[in-house]
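Consider the two complexes below, in which subunit A is the common component and subunit B and subunit C are the respective partners.
Entry: the complex of A and B
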């Protein structure tokens, strides 16, 4: 992929993440911002090693965006912060949820679904790329284990590298350790580039 | 008399949140379902006045559930409540017989006004 093509994919990712950020704020009814901290083709063995260095108990929603530009999304939250997110989602005082239960699992599932849908909506409306999310799969494990589950898919690899969009969340008055990873497949980058250039998006 | 509502969504927290919003506003939640197949079975069992239906669900989607219910009862009132904000899905739902389409994350007022309008 040329530098110019990579730039186009990065701009599409920023548009998608900006939309996801707005939707996330509305979902938890608190001001928040999701920022891209890395947009890069990374070697999967290097990223696996990097993630395992900061291993912690986490819960994650993996969502497959199916359609013309298959893309994977991983929304991953530190276990302690998943409890806080559940309180915000259910409009409770933070601290009410004391332990991991079906409501915490379901909150992560639903936030994964809402974020993935908002990104699919940007692809569809902005670039005429038909996309829809599959029901999220929720995993509770060490973050490296969850992350490695997502990485092992040949459709997303070129020369053992994957295009990774890594984000961090900033929420007003509350510290959250959660991240969103977007992984467009090789096919997705081709389709997004075709549609972008067809719409003079360059 | 309060109207009976069936809530269909695969996320437990969404069902909990919707139940709370509806009950606070005088609706009676008679049942819950987590996919299109369960929704159809519950609809036949409970005959609710209205159904709120998510789209992205495992086993059978909300569009499948909508078609099954309307095939059984063409007078059924079904409101889609989904995170998918795309013309293709909106058109398919409306053409298949949904009476309204609400995009998540929803505002409580929007949900209540849609239910009141559908049941008027």
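Entry: the complex of A and C
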């Protein structure tokens, strides 16, 4: 992929993440921002090694966006902050949720769904790319084990590298340690480029 | 945040990523985190030397660039390197095998199980003694080899630390 093509995919990713950020803010009724901190083709050995250095107990929602541009989404939050996020999501006092339970799992699943749907909408409206999110799979495990599970797909690798869009969340008055990863498949980058050039996006 | 560092001295730890093969001698520790991948750990007590490979798939596609990625190329590579390049004797080498969980309950293809089966089969074919097989389940593993003792600490998510 050329530098120019990579820039186009980055712009599409930024639009998708901005939309996800707006929807996330509305959902939790609190100002929030999701910022891209890395947009890069990364080697699977290097990225998995890097993630394992900051390993923690976490819960994550993996969503497969199926359709013309298959893309994987991983929303991951450390276990302690998942409880805070559940309180925020359910409009409770922060600290009310004391342990991981069905409400926490449902919250993480729902957030995964909301983020994936908003990104699919950008793909559909902006680029005429038909996408539909599959039901999120929620895992509670080591963050690196969850992350590695998403990497286990040859359709997403070129020369053992994956295109990774890494983000950080900032929520007003509440510190959260959560991240959203977006991983377009090889096919997805091709389709998105075709459609964006067809729409004179670049 | 709950840190899961098994050792405090992070300067001694060499992390092994997916499809990586790494070697270390005392006082270093080799460490990796696994889901459906499998870690094959080889250890020579007399040389206090260890190797670890993080296997992602059972069988390589044509022209696979990373020899550590698939069991059929990774297992011969680590054994040959340790016996031929690092001069370990086969009779002194022991193998310890971890991981291969079924992370996604909905997955029809249990890749973790296949990874573990192929690694075990190939290690046996090379005539290396297998000390430990700790595979399967549905949760991730953290494994860490202490090259001074050859002891592997293993923690499966949500469970107590075990030593092998």
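One rule holds for everything that comes next: the second predicted complex is superposed on the first by the 202 of 202 C-alpha atoms of A that agree within 3 Å, B and C clash if a C-alpha of one lies under 4 Å from a C-alpha of the other, contacts with A are read in each partner's own complex, and residues count from 1 in each chain.
Basically, contacts are C-beta pairs under 8 Å (C-beta built on N, C-alpha and C of every residue); 3 or more make two chains touch, one makes a residue touch a chain.
All of these numbers come straight from a predicted model, not from anything done at the bench.
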**Asked** Touch check for A:79: first (subunit B), second (subunit C), both, or neither?
**Response** second
**Asked** Counting only touches as set out at the top, which of subunit B and subunit C does A:192 meet: first, second, both, neither?
**Response** neither
**Message:** For A:152 in the superposed arrangement: first (subunit B), second (subunit C), both or neither?
**Reply:** second
**Asked** Between subunit B (first) and subunit C (second), which does A:125 come into contact with in this model arrangement: first, second, both, or neither?
**Response** first
**Request:** Return first, second, both or neither, reflecting whether A:165 touches subunit B, subunit C, both chains, or no partner chain.
**Result:** neither
**Asked** Shared contact residues on subunit A for subunit B and subunit C?
**Response** none
**Message:** For the complex, give me every residue of subunit A touching subunit C.
**Reply:** 44-50, 52-53, 55-57, 62, 78-80, 137, 139-142, 144-146, 148-149, 151-152, 154, 159-160, 177
**Prompt:** Which residues of subunit A touch subunit B in the complex?
**Reply:** 23, 26-27, 86, 89-91, 102-103, 106-107, 109-110, 113-114, 116-118, 120-121, 124-125, 130, 132-135
**Prompt:** Touching subunit A in the complex: which residues of subunit C?
**Reply:** 1-4, 15-20, 31-37, 54, 56, 61, 65-66, 68-69, 101, 103-104, 106, 111, 139-142, 157
**Asked** In their shared complex, at which residues does subunit B touch subunit A?
**Response** 10-14, 16-17, 56-58, 82-89, 104-105
